[in-house]
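The structure's right below; bear with me while I get my questions together.
In order of appearance the chains are A, B, C, D, E and F, and numbering begins at 1 in each one.
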Amino acid sequence: MEPVGPRSTANEPRFANIGTFARLPRLDQVGQAEIAILGAPFDAGTSYRPGARFGPLAIRNGSQLLRPFDPALAIGPFSTVQVADAGDLAINPYSIAEAVESIAAGARAAYGSARRLLVLGGDHTVALPLIRAASERFGQLALVHFDAHLDTWDTYFGAPYTHGTPFRRAFEEGLLAQDASVHAGIRGPLYGQSDLDEDSVMGFEIVTADEIALESAATLAERIRSRTAEHPVYLSIDIDVLDPSAAPGTGTPEAGGPSSAQVLRLLRALASLPIVGADVVEVSPSYDHAEITAIAASHIAYTTIGLMALAASASR
Amino acid sequence: MEPVGPRSTANEPRFANIGTFARLPRLDQVGQAEIAILGAPFDAGTSYRPGARFGPLAIRNGSQLLRPFDPALAIGPFSTVQVADAGDLAINPYSIAEAVESIAAGARAAYGSARRLLVLGGDHTVALPLIRAASERFGQLALVHFDAHLDTWDTYFGAPYTHGTPFRRAFEEGLLAQDASVHAGIRGPLYGQSDLDEDSVMGFEIVTADEIALESAATLAERIRSRTAEHPVYLSIDIDVLDPSAAPGTGTPEAGGPSSAQVLRLLRALASLPIVGADVVEVSPSYDHAEITAIAASHIAYTTIGLMALAASASR
Amino acid sequence: MEPVGPRSTANEPRFANIGTFARLPRLDQVGQAEIAILGAPFDAGTSYRPGARFGPLAIRNGSQLLRPFDPALAIGPFSTVQVADAGDLAINPYSIAEAVESIAAGARAAYGSARRLLVLGGDHTVALPLIRAASERFGQLALVHFDAHLDTWDTYFGAPYTHGTPFRRAFEEGLLAQDASVHAGIRGPLYGQSDLDEDSVMGFEIVTADEIALESAATLAERIRSRTAEHPVYLSIDIDVLDPSAAPGTGTPEAGGPSSAQVLRLLRALASLPIVGADVVEVSPSYDHAEITAIAASHIAYTTIGLMALAASASR
Amino acid sequence: MEPVGPRSTANEPRFANIGTFARLPRLDQVGQAEIAILGAPFDAGTSYRPGARFGPLAIRNGSQLLRPFDPALAIGPFSTVQVADAGDLAINPYSIAEAVESIAAGARAAYGSARRLLVLGGDHTVALPLIRAASERFGQLALVHFDAHLDTWDTYFGAPYTHGTPFRRAFEEGLLAQDASVHAGIRGPLYGQSDLDEDSVMGFEIVTADEIALESAATLAERIRSRTAEHPVYLSIDIDVLDPSAAPGTGTPEAGGPSSAQVLRLLRALASLPIVGADVVEVSPSYDHAEITAIAASHIAYTTIGLMALAASASR
Amino acid sequence: MEPVGPRSTANEPRFANIGTFARLPRLDQVGQAEIAILGAPFDAGTSYRPGARFGPLAIRNGSQLLRPFDPALAIGPFSTVQVADAGDLAINPYSIAEAVESIAAGARAAYGSARRLLVLGGDHTVALPLIRAASERFGQLALVHFDAHLDTWDTYFGAPYTHGTPFRRAFEEGLLAQDASVHAGIRGPLYGQSDLDEDSVMGFEIVTADEIALESAATLAERIRSRTAEHPVYLSIDIDVLDPSAAPGTGTPEAGGPSSAQVLRLLRALASLPIVGADVVEVSPSYDHAEITAIAASHIAYTTIGLMALAASASR
Amino acid sequence: MEPVGPRSTANEPRFANIGTFARLPRLDQVGQAEIAILGAPFDAGTSYRPGARFGPLAIRNGSQLLRPFDPALAIGPFSTVQVADAGDLAINPYSIAEAVESIAAGARAAYGSARRLLVLGGDHTVALPLIRAASERFGQLALVHFDAHLDTWDTYFGAPYTHGTPFRRAFEEGLLAQDASVHAGIRGPLYGQSDLDEDSVMGFEIVTADEIALESAATLAERIRSRTAEHPVYLSIDIDVLDPSAAPGTGTPEAGGPSSAQVLRLLRALASLPIVGADVVEVSPSYDHAEITAIAASHIAYTTIGLMALAASASR
């Protein structure tokens, strides 16, 4: 059966009926999908500038100019597989513990209707329950993590689940395959050398922001692919991987980051990765300007969908 | 049958699944409604700052904090009558003539599913086709028009249909009851005394911005009611009726206007008006700040819905 | 002993060394004070737009133009009594329960160094622990509450302590004197008539936003004074009492509110109130523009300090 | 001879060829004028937020929607007398003393081509040289001064000429008629009671911001007229007389001010004043939003031109 | 005769008398010019975010810091040839068809006074009439087109002339030399592979955004030069060729674009191109921040003027 | 003795008690320091957009996310040497001459408490008195100057000390070692070729913006190091060295600049430089967005501190 694609713009301007991501059908309209897009509007795990609770709205609004064919990946993702927008999860904003549970439950339910899941955050806290749900379904995962920060810190104010800790928890819970994960885009000051040492023990390799700027996408993609090997991949993209000039609308911006072009090139070079779950997080629109952060996030999400569609095609 | 009300916020934060006006059901979910809310994203009739094409999106986003009971009117409009969001019309942005036709057609269709229509603009050009559709159904109308400007100018660049001319056209087409209409909030410089003279000939009385500020809402409402008499009323509200401090997000702002409190008080004093059609237009979000214009517009729309619900109750 | 006043601007521009509120000394520089100003940067109780965690910073920055003599109250508050800035409390952003405890503890400690306390929020959640601390010291309190909202709602997502519930909790805990409290500035939609009924049972009288606009400050102040009688007063001011045009930088803006002039006039008319504790909350600077919200909040805080200084003078 | 009016908008949109105030002719195109508009882009006298150097540009841009007939004053000022835009003075930004000299010289020259002068600032420092030039021509002046602040302070950092001191200097230099001047819109904290006492000695009466809000324009205008008596009037309007909600784009905003409607009403009530010179100052566009400050300033300037045109008509 | 250069800044600050591009003389002051700069404030052809009607104003305001000597091209363009600002065309905002005619007529007239024309848009619709006028004078043209988008789409809503179609129309009208044109900066999703196929048939070669980032300016310039061969060149620059971080102020931003440095380097490498007409379009200032888009556009325009001046020198 | 480091964030969120740079101790708390950070809030030397007077506040606010260990330099600067925040100098805003004197005096005093000085501007005028004070202490200096502009222009409006002239004055006063200085990041139009010739005579070598983009940091650093040789180095960084996309909040932005990543990489490559004084200037927050300029400046300042700490370690 032919996938149901985005609403046509032949007779309706793109500024009319702005709603789902890229004008895609709602999941309830198509029932099942290869790829579901799900919002996780939650930011109670934020340590500095909040507001990522409005991230799903912002990314959907910013996605309205996306057209259906991606020449860079040479695929029309929406005509290759069924992609649909599952709306937002309803998440308790006042209890992180309860929120983490309900995000995991929501993701589990979504995996019942879709083979692959792309989640629009929300802050990075949401990655842990999403990895839990993906790992329940696919086993241990290789994590490919784009971010300025490691996010493998331990508790803060005694809280185990915050936007700075999801990947330490995922490691501790045994959700990640051994030595199969990568951070990309890392830069900026740390608490100490021990941050790096502990991160390495947890099985991460680091691609720095400078390496993204100075090495070819092909070379870096090869490093990432050799790291993730045959494991199913969870792709987690904190929008603050981008330089603040390209992504002002985020909570903990770090100067010295890559441009959106550099990040999109690296993503596209990951064409063969078997991505089963993904998130694009930390878009905080009250700090954005003219939607530049939201537009960058929507292009990153679109490229992620393209990668998933390629993986789906390959696995048929 | 009990009306279907807004989605509950008991288990879903207001910032999740932002979509319809005030979290109301979509019209396609309820089939028929007493009041339908319809977006008309069109701004090709704008003479100065454009952007009202994004007005329906902005007003809906700005309406998410509205709760279901209006103590000022002592009515819960959404539980009294069925109110539903009919989405946006698909309007040709490149041909004003075609746009005017299709807006009229869209309004006619909406009147097939709803007894009363509240349209979110768009620029003020949209009022003419909406009045045409309302007048086809209800006969000659009394127009109650909140605006800084008369909008009874003649052609501009030879164009008969622009955001400065809808009410001259409506008069010429015989859509308005004789001497039954009112402008409220008028202020600012004109082209000449003849603007006022011609306007008067077209059957309008003027309540100035200063009168809104200095006289009681009850007194002014009495003047308006005695003017509109028994005619069915079309209520047209250009958000630039508000002072630019309260509505920066609009295309032709005029200093010296009333506050949102003053306008809302006057609107509420019109409780007995038999409103059959209405619009809230000229919200241009690229000039807005922190949604203050959109929020004011959403409160004005909400109050209009309350007035319509009161009218519906009264007419039962 | 002469109070230590603000740092002079004779030799230092106001834009140099911006730090404490109104350039006042730090509390650790003067040891004891009649009035201490304390920041409570916490916003995990917010239901819509977050960011009030940056409120104390914003209000202090916005206060740099305040000069030492208040002609409207005919008092130089900083030379009449010692006023000092106690800095910010360190509050757990991830646990509302723990935050409420530590705010109460911090307020208790501050009352050890100062007779009266003015707290800069933070979201309105902080009012409950502040009222607890004030009530421990002064007994049952009359609450004078400026806000667009009642904030006497019950739990949300099962959370007892949020920015919509502090005064129901305070009532339930017996911290408020019977029928001695007032809301001022109330407007906008509610969940139902029951919101008003329950609020009344909890001992509140309502001064609506329209009453602030239409009645004289003297008349309203008389109503408030007759309500609070001889009880020590806790004054809680949510900046969203102002119209969004005057206070865009807040989380749950409601159209139709009073201007800053109207609110300041009413506050000044409360000159004889025995205020022992106060807060100015819900300033969310990422939504502010050109500091207008912060400046309004700083003037409200300054006027509150003047009222406290008058009360202190009167009680000597 | 018929005055040359604004460029017509019949065949040219208002957004084309934005340049002179209200699309008026340049002074060099008409040679002589009854009223000349002159920019004074200078802000080196600013004590807090700078940027008024861009004020003339901002006010001209904000004036493009002004139409030629003012119904509130019942005059078409541009067809009654010749009004023309003289462009900006070239002022040394690095030496206040030199700037003051050249502004005076520029105003003197302008008075050679125009009977009345309206200057767009710039910070309030520019008022002193303008008053000097006006007084050279017309003798001692009555000053009508709209502002949140007295601007009769003495030196700051030893500087005699700053934006806080022009009227003390004017008094000291004997440029003002005795006891003929008025401040309107005054509010906010002062350095001490002595500020008021000294101001009174200098011959000023104060109309407070609260009086503007609470008393009728007619009553206040009567007070002002009886104060200025038969003296030629210099009208100086600091845009911060408006509340920050209406004029965020200024350097030293004070909460609690009047709306633009209130100020415009009072100005219009001064219809018979013999205004010979005027300024509209302290518009700082980098703090403005969507031109609301600039638009308010342009309406105030337009009303001032109307008052001057009425005075010119009366004196014929 | 020595060209008349920009007004000197020796005695007039750059923030005074902001008007013409780079403080150049008006065309009516010099009569004839080698290069005329002409504004085309028109945006009725926009499909998404409007506002480019204010583009000419924004680019002129953003050009005030440009100094007369360009070390990167080793030329002082304003002293080498006469450059002058011809102001804005008066264009019907309500009829695209009429607008296209009048822009062509305006360009024809301008070519009567100037050998080369640089137009400041306006949306990209304006390119078609400009190419018509240039081609009438110079014969078939090679188009060098900087843009994120191909702009060779066919009708939209039945409209032949919009900002997405100018170059298909130009091809159909035979205005372009065969296989002599280039797009540079292309990126982002398309409607389908057919977009590329049809574009190729129309004679375009594509330099992608990634190629601009990864290959040397010299290499790319060589490709462009070998493509345009000996044909007279029309250079059309949509500001959205820049990444949204560098050009937020535009209507259809695409992530992943080049920086302003990368685009300027490529432009400068085109030093020998015989450019006879050019445009810089799609600057929409209501989405700009701190003039960064306008400043980038003004530097691009300045470099284009430098290229034209070099071509003029070479052709003498 | 162990240096006193930044206040811990273990028990205090980073958004609480925002004050000193990077939460460092105040200089008065530690008495002596290896490196003192000093604010110079002064912008009366600005030729275009003012506002750098608020730069020190903005940079400190923007520095709150900086953590204590810099992996890029492999040093924890705050634990290696004592770093402390000395607050802001009190500078006369109305007299450039007096300001220059008092900045020099303030720097001299600071050098009494700290071996190395990092000053947060303020406009670039402040560099001259800072170089004077550094040179008094360390002898002739090699200047390493990051900027879009040469800042070796001569007088403007007769003023010798402005933000465009500090390094010509420093050269004339003999403060700079012969042929030991470098500009980096230069781009954009000049007044003429003579600007470059004169600059060269003053002993400067130029690293253009394009060279920063296209050559390796190591190569450029080698050029700089060979230029500065053994001289003590003064490092002066105008934030407009960054492209306007990365630093909109500045007074004279030039398109075509490097990213923050490129500038930080070059700075880090200067690891062995014996920096004795430094400034980060021209941050003008009223033009900034979401603190991106301030955050970039704070990272540049942090890296400068790291370089100074390395130099201090090396010289022990």
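The working rule: a residue touches a chain if its C-beta (ideal position, glycine included) is under 8 Å from a C-beta of that chain, and two chains touch if they have at least 3 such contacts.
Bear in mind the structure is a predicted one, so any value in this text is a computation, not a measurement.
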Quiz prompt | Touching both chain A and chain E (chains) | solution = B, F
Quiz item: Thinking of A-E, which of E-F, C-F or D-F forms a repeat of its interface, with over half the contact pairs identical?
Solution: E-F
Practice problem: Could you grab the centroid distance between chain A and chain F? Build each centroid from C-alpha atoms only and quote it in angstrom. | Solution: 37
Quiz prompt | For chain D paired with chain E, centre-to-centre distance based on mean C-alpha positions, whole Å | solution = 41
Practice problem: Starting from the mean Cα coordinates of chain A and chain D, work out the distance between those two points in Å. | Solution: 55
Quiz item: What residues in chain C touch two or more of the other chains?
Solution: 11, 13, 15, 47, 53-54, 93, 156-157, 243, 245-246, 259, 287, 289
Self-check item: Chain-to-chain touches, reported pairwise for every pair that qualifies
Solution: A-B, A-C, A-E, A-F, B-C, B-D, B-E, C-D, C-F, D-E, D-F, E-F
Quiz prompt | Complex interface listing, chain A residues touching chain F | solution = 47-48, 156-157, 187-193, 195-196, 209-210, 213, 243-246, 248-249, 252-259, 287-289
Quiz prompt | Residue numbers on chain D that touch chain F, as the complex places them | solution = 43-47, 49-51, 53-54, 92-96, 98, 156-159, 162, 286-287
Quiz item: Of all residues in chain A, which touch chain E in the complex?
Solution: 10-11, 13-15, 64-72, 76, 243, 245-246, 259-262, 264-265, 289-292, 295-296, 298-300, 302
Quiz item: Any idea which chain C residues touch chain F in the complex?
Solution: 11-13, 15-19, 39, 41, 53-54, 56-57, 61, 87-91, 93
